[in-house]
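Pasting the structures in now, so scroll down.
The two complexes that follow have chain A in common; it is paired with chain B in the first and with chain C in the second.
Coming up: the complex of A and B.
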């Protein structure tokens, strides 16, 4: 039980710190002093204290949606182990449950965006739905690769088995980690797919869906975003940790650093894609995860022969 | 036996025709309720005692056959009974609007056909022999044909109904051929004879013939083209029962075949591949086309095709896994497919009922005329939301449970090294389907119920009568039950799956039980946490300023409701990827990019299935070409016609002299 609590606490730490690391990395690369490490938490605390403005067009669905968004992400969050620790919840096949919970949260936000009747938010919803649909196979294949190596279909079992893996699979595991990081870029709306700092609604994807949220609702959406980031980065970090040092004290900082720094660097160095390029970008990731799976399959076959 | 059945049938029909206009529905309801109660009690008996034999029929064609209920039939009997009760209750409210428009005779015919459809579907899943099966199958086709023709004064309806009738009879011919083949080789046309057939004849042709016959009904690619035509034309409750259960009789046939092949590993493997592949293509094709549609019922029809694809993927993976020696994969696949059959009958009938509510108020099913209906029809909106979440296979509702079972089967295939590549192909297909179905149904729900109205008709809409709401609530209750208590709902399904696959179901129960109960807790946790968050938020906002205002227009102040994102624009991104699957028909002209001050434009686009034109187009052209030649003979001169007759007679004479005729 203690291990499970430690696991959850570590996950929370990871979730809270990633955005800070991103901001620090960006500031460092741009030669700015930058905002404090915990600024994003202060911002959310401020939002939690505020009132709200609701559009007259919206229905009750608009008010429930942020709760579903956060609630689903929160439950998904509890299934993820940090390296050799045990997650709070686990069952056979929970990798599918987690993927579909994330889809549930996405659906809630899409419906809320359509509820406002704004054309901009419609645009964001359409893009989010399309990208979500395209990225789903990549996510499933990355998970199938893990299942192929470890012979299980729940996160806890997969990573419990992972320590006995053959070192030949190193390259594949690193690529799985890469795929998960890119999936995180897409799911959380980061450069190069989407730019969270853009000021033009026409080109927004994720941010434009939240235009009409304010106060507590907005805070919930931010928190859910952190949780989602943490889910993907921990899985990616676990895959890398399998190769080097499979312990929680290695995986947790790795999760924060890998995703935080990579997002920070990418956001500092390159511009976002043209919108029409995004689909190609996502399909490339799908193709890549298929490739990773195939290589993994061939390697496994060779080892057994 | 025959005599009693005929007398009862005649009495019911006579009662429906004789009853006063407003009470016809109650006669039909009574008949269907009796049939449903009988069917459910038979199903329960079959569950307890194994197979229940009802009657032996001496058929003129294939000899003795019998009506029997086994575990597989009992599952389908349950599904049929449940949906048909909801359907007939819904029909009352729906038909009410047409009572003055159509003659009493017309209404009676409609209810008679509805009762016939229900009874014939029950007979289909009970008859174990070729003749009685084909008889019931044909009865089912004709009854549904009459049901589709309800609004026969509309041109599209007649066209769709004829299209349906022709396609169904092509399928019927294949089934006749299949049973005839079976009879010729084994001397019996019973389903149980298939086992013998497969022992010594080349098995694949028979399977393909049957698969085409059943696939025509189920809507397997490329035989699905009747579905998106027939459903928008039929009344909503008819669409519900046809899409919810009638097309499942095709699935039933496929399962029966697979049951017969079960012990022949090699054959099972190749058949599993056929089923899996057609499931993948059907599912992906269906879901992409669904996302493209701008008509509520056409979207739902394509989504039925997609769900048939999902069911076939489950069956295919089960067959492949079972052939490869894994009982667990077999159990997962079959139980997933069977549960998905049940689930789809629930949420699809519910969605079609809701579409009927909208149609009866808006008098159209074009999505882009709607918007903001949730404010005028709140209960329909809530029920439709449940259906939407369920059909998107999102937790914690029932669609997820069945897809999870199929996924577990596939992931087991991957992790245990059984047929990894096929499992991976199925995983990719199922996840792509899962992603795009969210796009399709958020489009449907968002365009119809959310946002602001796109036409003035929306303001005149109001909630429908309570009976109809009640009818929709029946499937909704089951959806919630299966979704939130999967551990209880899956248990009977595994028993049926055991009977089908012959595998030991205790493995599956042991395997599923912890998964499903944790899933149940997790589902409740999602609901409870969401509820708590909502409660906390409402509580926190009680003492704060909560204001209302217009939607943020991003600095633009002259917004109007026509500027909203339409269903068409919502799916534009996917359209760019999947252009090659469709053929667009465009009326009018879109606004040109160079047009700085646009004038009024009429623009109507319909994305037609490419298969439709592939199958339909070439033979129309061919017929035209042949006709051109034939028309040359039609000169209008009587003397030439007499010459033709003379030539014909001489030809006959010559042929008979030469002993050729």
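Coming up: the complex of A and C.
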């Protein structure tokens, strides 16, 4: 039980730290002093203390969406192990459960955005739905690769078994990690797919769906965003840790640094994609995860023969 | 046959109203119908003013090949019949005819887009309000309308943008302005206090304070029969080019912000700060307010100020050039800007585009070259930067090249400059030529600025008309985004960076 609690605590630390690392990296690269490391937490704390304002064109759908969004993300969050630790929740097939919890949270937000009746939010919802649908195969195939290697279908079992994996699979695991990092870029609305800093309603994807949320609802959406980031970065870090050093004290800092620094660097050194090119970008990742799955399958077959 | 036009130039003094031919509208119409097919001509201003029993229309036409300015006037008899619209043949007349229709109800027959221009408070039809702006509409199951503004996120001025989209693709954009209307033109004639007029001129468009005040100062000096000292002209030249550098760098940074390219953004923000702080070191205001005054200046350059300007500008120029070279090789930036927001040369010419936006489409519209005044006429032989593609990248590279060009101009102008004590303090009481028309054309960073004034029998300002280049170029933006993705609208908008208050006055 203690291990499970340690696991959850580590996950929370990862979730809270990634945004801070991104901001520090960006500030460093821009030659700025930058905002405090915990600024994003202060902002959310402020929002949590506030009530919410609702447009009178919205319905109950809009009000429950933040709860569903956060709730689904939170449950998914509890299934993820940090390297050799055990997650709080686990059952056979939970990788599918997690994938669909994430899809559920996205659906809740899309419906809420459509519920506002705003033309911007409608456009944002359409974009989010398209990208969500496109990125899902990548997520599924990357998870399938992990399941294939270990012969299990829950995160806890997969990573419990992972230590015994053959070193021949190193390259595949690194590629799986890469796929998860990119999926996180897409899911969390980061450059090059989206730009969380923009004030331009017409170019937004994730942010525009949250335009009507305020106060505590907005805080819930932010927190859910952190949790989702943590899910993907921990999985990516686990995949890398399998190769090098499969311990929680290695995987947790790695999760923070790999995603935090890579997002910070990408957001400083390149422009975001033209919106129509995002589809190509996401499909490239889908193709890559298909390749990963195929290579993984071939390697497994060879070993058995 | 009677002469239709009085020929003058941008370097000449004011003209007597009596010398401007008053012609029949049909004659003028028939002449313009032919004449405007020549690309060398474009209209600088065309406005109506009240006379004893009716209205009088003044036309200021520019010939870019010869540098001539053609003046003509019409006293129309529109109460009995409408005037044939020139916009129908030459769309570049559209804002001027719309303004006359809005203010005086002149019905222009066959005008394809007779809609309110800026909801001026002295408009004729008070029933017509911003809330009832007649937006263009399209019907279709697949189409959706997106309305942006008039209140925008960030620090943007108000203006309503109505998109008609097919999915992500923009089919049509209509821009409704007027939210910034302050009645600048009528405020100018309400007061005889020339200092107050100068301050109003400074606030026409905050980002072009130097350019608009220069236009006002030039105009009043022509009315006063004052020829600015060579040193004063040189200092005004430096001020105008400094403003150009600052704004072009700021817009480079703004474009980088909109594509989320942090490194260029922070680099340009830093350089812009150095530039506007240089302006502040000179005149006490970062945007060049209080720099330009009629018939003199309160802030003549000194040796130490010259050193500061030269040192800062050469530093900015060197560092900006690095940004420029990097930007031209950054694939992710090029992927966003190239072939985006095309305005072909032909379109730009037909709608009467001016300034750097026109030059980016390959249309040479540059008052510094075609109608030089002051220091531009005497010393600088300006060679305009032109690009041929007319996309966002062209507009960006025009800006980048103009920054370097202006930096060289400033350095050359100040290299051998020894400030004399000849520059006078401003004179707000000079006597104006009575019953005269005076105009001035200035190439601000955005493009051609035209101020026109008419004086009465006592030599007081009776009518003051202002044209900011944005008046022409807003339509270019609407054309640029057609068939583009709606998410590329912001970078198109920034690539033009047009003025709302310059348009709304």
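As a convention for this text, the second predicted complex is superposed on the first by the 305 of 305 C-alpha atoms of A that agree within 3 Å, B and C clash if a C-alpha of one lies under 4 Å from a C-alpha of the other, contacts with A are read in each partner's own complex, and residues count from 1 in each chain.
Just so we're on the same page, contacts are C-beta pairs under 8 Å (C-beta built on N, C-alpha and C of every residue); 3 or more make two chains touch, one makes a residue touch a chain.
Here the structure is a predicted model, which is why all the values come from computation and not from measurement.
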item: Partner chain in contact with A:184 - chain B first, chain C second, else both or neither; value: neither
item: First (chain B), second (chain C), both or neither touched by A:173; value: neither
item: Partner chain in contact with A:137 - chain B first, chain C second, else both or neither; value: first
item: When both partners are placed on the shared chain, which of chain B and chain C touches more of chain A; value: B
item: Touching partner for A:197 - first (chain B), second (chain C), both, neither; value: second
item: Touched partner set for A:277, first chain B, second chain C, both or neither; value: second
item: Which of chain B and chain C A:80 touches, first, second, both or neither; value: neither
item: First, second, both or neither for A:269, with chain B first and chain C second; value: second
item: Which superposed partner A:209 touches (first chain B, second chain C, both, neither); value: neither
item: Which superposed partner A:32 touches (first chain B, second chain C, both, neither); value: second
item: Overlap of the chain B and chain C footprints on chain A, listed as residue numbers; value: 119-120, 122-123, 126, 201
item: Residue ranges of chain B touching chain A (in the complex, touch as defined); value: 371-372, 374-375, 381, 385, 389, 392-395, 400, 403-404, 407-408, 411-412, 414-417, 420-421, 423-424, 427-428, 430-432, 434-436, 438-439, 442-443, 445-447, 450-452, 511, 514-515, 518-519, 522, 525-526, 529-531, 533-534, 537, 540-541, 544-554, 559, 561, 563-565, 569-574, 576-577
item: Footprint of chain A on chain C - complex, ascending; value: 144-148, 153-154, 167-168, 256, 258-263, 266, 330, 332-333, 335-336, 340, 485-490
item: Residues of chain A that touch chain B when the two form their complex; value: 48, 50-59, 61, 63-64, 66-68, 70-72, 74-75, 89-97, 99-101, 103-104, 106-107, 110-111, 114-123, 125-127, 129-130, 132-137, 139-141, 144, 147-148, 150-153, 201, 211-212, 215-217, 220, 279, 290, 293, 297, 300
item: Interface residues, chain A side, partner chain C - complex; value: 26, 29-32, 119-120, 122-123, 126, 191-192, 195, 197-203, 267-277
